[in-house]
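Have a look at this one before I ask anything.
Letters are used for the chains, namely A, B, C and D, taken in the order the chains are written, and counting of residues starts over at 1 for each.
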Amino acid sequence: MKFKVFSELSYEVFSPTTFIFNIQAAKSACQTIISELLIVTPAIKFEEFTLKNSGTRFVKMEVGKGVFFTLIYEAEVEVSYTVYDEKVLLQSIPIINLDHEVLPYISPSRHCESDKLLEFATKEFGYLPNEYAKAKAIKESIFNTVEYKTSVTNSSTSACDTLLDRVGVCKDFAHLGIALCRALDIPARYFTGYAYNLNPPDFHACFEAYIGGRWLFFDPTKLAVANGLVKIANGKDASEVAVASYFGDVNCTFMKIECQPITADFTPFNSENDRIEAISYE
Amino acid sequence: MKFKVFSELSYEVFSPTTFIFNIQAAKSACQTIISELLIVTPAIKFEEFTLKNSGTRFVKMEVGKGVFFTLIYEAEVEVSYTVYDEKVLLQSIPIINLDHEVLPYISPSRHCESDKLLEFATKEFGYLPNEYAKAKAIKESIFNTVEYKTSVTNSSTSACDTLLDRVGVCKDFAHLGIALCRALDIPARYFTGYAYNLNPPDFHACFEAYIGGRWLFFDPTKLAVANGLVKIANGKDASEVAVASYFGDVNCTFMKIECQPITADFTPFNSENDRIEAISYE
Amino acid sequence: MKFKVFSELSYEVFSPTTFIFNIQAAKSACQTIISELLIVTPAIKFEEFTLKNSGTRFVKMEVGKGVFFTLIYEAEVEVSYTVYDEKVLLQSIPIINLDHEVLPYISPSRHCESDKLLEFATKEFGYLPNEYAKAKAIKESIFNTVEYKTSVTNSSTSACDTLLDRVGVCKDFAHLGIALCRALDIPARYFTGYAYNLNPPDFHACFEAYIGGRWLFFDPTKLAVANGLVKIANGKDASEVAVASYFGDVNCTFMKIECQPITADFTPFNSENDRIEAISYE
Amino acid sequence: MKFKVFSELSYEVFSPTTFIFNIQAAKSACQTIISELLIVTPAIKFEEFTLKNSGTRFVKMEVGKGVFFTLIYEAEVEVSYTVYDEKVLLQSIPIINLDHEVLPYISPSRHCESDKLLEFATKEFGYLPNEYAKAKAIKESIFNTVEYKTSVTNSSTSACDTLLDRVGVCKDFAHLGIALCRALDIPARYFTGYAYNLNPPDFHACFEAYIGGRWLFFDPTKLAVANGLVKIANGKDASEVAVASYFGDVNCTFMKIECQPITADFTPFNSENDRIEAISYE
């Protein structure tokens, strides 16, 4: 499946500021960048770097006071995904047998205080027969009880807040899903990306849960088509893979995000039926 | 209905300390003190006082360093209550018509942060057809999802904590019930008292919700018999009517609480049937 | 000292809404209403009431969907105050001897979680020699470390939030002052009123601490002249004496508040000198 | 400098449990394991693993219900450290020039909510002339205002809690130090290890701040000698490098930790003088 993704971000800069962006499509075994382009207008020197551990791609730049600039990213990306059915989904891997690199995703993180939700998660979802049933019920419960609303939450909002306030945007939905999975000893991680047909258009955030040896994709907002995503990055939560971090006094004045399949034959995957099926972007 | 109540509290005092107790049975239109006795051993001067507003009865005393003392309270109390059925329970009184003195019980308080639970309460209970159905569903939900466990919570625990932690004692159950009612604009208040047959024996805390013009009694722990209580006090929450407050360094070394009907014909009220019925202690 | 106070509030009402206002000048031994006027345009039936306990004056009204209305309050008020010097200020009254009606103001309340600040308050201010020195140091510390900024905090913000965030408006400054005083066993209460020369013009909130048997006035914002206030109400915190409470979906579209001395010889009281002096509005 | 470290941990296991320990001395350019020994009694199969990213060494094992076991770790470790003076300490590296692998340590983490402490940190420490002065003032401030006390905090306690409660153990002191540094854009990380002469004997936790291109060591408890540590691991906070994690119902019944210099000529480094000097374990 080929997608064309596009993002345009404009900033007004009131003090000398370091920017760190995380908006480029990830490179992985099942995601290939066919072509990509990063343009800063007016021209400002930027540097790309990748963290050794995660492979997350960042762009950093230093911008002076009084500058007004626009960053444009455009890419054609080939994405493949796998659909797993009950042969994988109903498997349970004991913690002792988990891949070691997966273990950190059981621990709590800044926005996913799973350690505070052990009782809650156990009482609400603990009775379910397997990890897939638990993760799916968590997704459904968040969809049914949290209202999607912009401008109410901020970058300090975390899962416990959302559980009480019952309102937020995709990142808040994802954080709550991750926290509840981890509270049940299911490894879970944050997923940011470009999403086809997302309305309102924006970067998207979802979560992945590690079930039967695979990182399976869950979108508790149900705003995206499960096979319509181009991954930017995974992380423990938004604190590791924020779209834009800045150290200075700035104002974001414009934002445009797009994601379109290039292939004519794109068929949206319907994850809302009763079949036991889930998508993995690995 | 006549009850005999008894409480015995012992303290070791490590620094000069002011004690304020709130353990005496309330005096009200439907609760009469037939006889009562308050003994401090060794003899320490104490003073009884009543707050103008609430009528709450307090006892205060100053105790020196190194003192080890015991406070015993014993009373025979005549209690009457009213059982209301659907004629009252299904009534809804608009806020504008509420008795003015009831209005403060819609506001949040220290341990009942109803202002933070508007979304949660609306999403969980807002669809129910009337205030009685909401308050009863709140009681049932707390009973079903919060575990009764001592020594986990403390005097700073409040409703939002309990909603997440799902564990606590009677005061925590009551605070959560009050906060959820207020979040739905149902006035609610804290109720402390002696409870017949309570196990483990202790002072008890429940809540009252103002429905159809009456303060109706709810016990989300279901540990007490609804018509087996002798009221000590009402308040916005435990911060107003703590059983014992002290200003100093002390240790409570012993506690014994009892409540027995004196009348032979005491018939426990079964509030767990499907009838629409509730008790009011007014 | 005579003042003329004025407030004008306009609301757009999107659903049937009950409003409860608390904007009228208080009546007390040292505050007399010479004349006052309350006008609602268009004419909507309203009812005034006073809570038995506190004497707080409220106005309530029911407003239909789609209504746009304006409330105007105007009054001439005679205010007297007392200036106390060290004879009163350096006195310390043991808790056991405090007036009973003052005791509830040592307990924590919704926005003043003094129970969580015992260690903090003791470590920062506990070493000071007397209650007046502590309360004054609390006022100064808040003034020096909290930034006055509108639109950052909301009606759920409380003292612990402000202690960390270090930003807020007058109500947040007042809540923090109250919480810190109570954490040191100094009774403290919330004070709302009209303030002369307040910039930006708005209702004002300060706090009073009970020292030497008097309720002394403290303004940690230092935005008001200490003898330039007309009291609206006292309460445990803003949850008891909010300027406007509403149960419905509304938007406040306009607000104008004024407070002017009528007397020609008004001399602002300078509380910022080194003299040991404080004002009490009782 | 050679040290002998020893730890002995005993557990009673009430349900089948996966244990993950992080108690072995780290291997790094300046820390060499001369010899080490890990013994589980009774013999239980365990597996050692190292995370790719951090190099952190873990031991995992599955233990059955009803088992009572003891884990003993013993090692001789050669540790070298560097003392930096003002040539390094007074340098400031702009964020844009920071090593990329250091950047994640500016972000908030589970127990170090630096995003909530921007205002607080800026107001308390922002005026100081350089990063070293800030980090040192943070260390001193924590030492002076937080009380060392066991059994008050737990594994959910985080920096904001400690800032208000002003009480905790070494991990809480470290989390607060890290959070305050990050709030000032100084990268900071958690350090666990064995500490010479620690009283009470336990594993120790401190923090490192990245200043002038080095990870400098700070111990806000002042309980350890700065050059008397054997590092176990670094992490964003305790959630990444907990000494013992378990998934099951267990009770720790015994704990003994020791750390002794083997070399005769060990000279404690005095970091409390006025010289501008700090130790780095890299």
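Just a few scattered comments:
The rule we apply is simple: contacts are C-beta pairs under 8 Å (C-beta built on N, C-alpha and C of every residue); 3 or more make two chains touch, one makes a residue touch a chain.
Remember, it's a predicted structure, so these values are computed and weren't measured experimentally.
Shared numbers divided by all numbers used gives the overlap of an interface; between chain A and chain B this overlap exceeds half, so the copies present the same residues.
Each of A-D and C-D has its own count of C-beta contacts, and the greater count is at A-D. Per-chain Cα centroids separate chain A from chain B by 46 Å. One inter-chain figure worth recording: chain A and chain D are separated by 30 Å, centre to centre, where each centre is the mean of the chain's CA atoms. Mean C-alpha position of chain C lies 46 Å from that of chain D. Of all residues in chain A, those that touch two or more other chains are 116. Partner chain C is touched in their complex by these residues of chain B: 18, 20, 49-54, 58, 60-62, 94-96, 100-101, 103-104, 107-110, 113, 115-116, 155-156, 185, 239-240, 245, 247. Within the complex, the chain D residues that touch chain C are 116-117, 119-120, 123-124, 145, 147, 160, 163-167.
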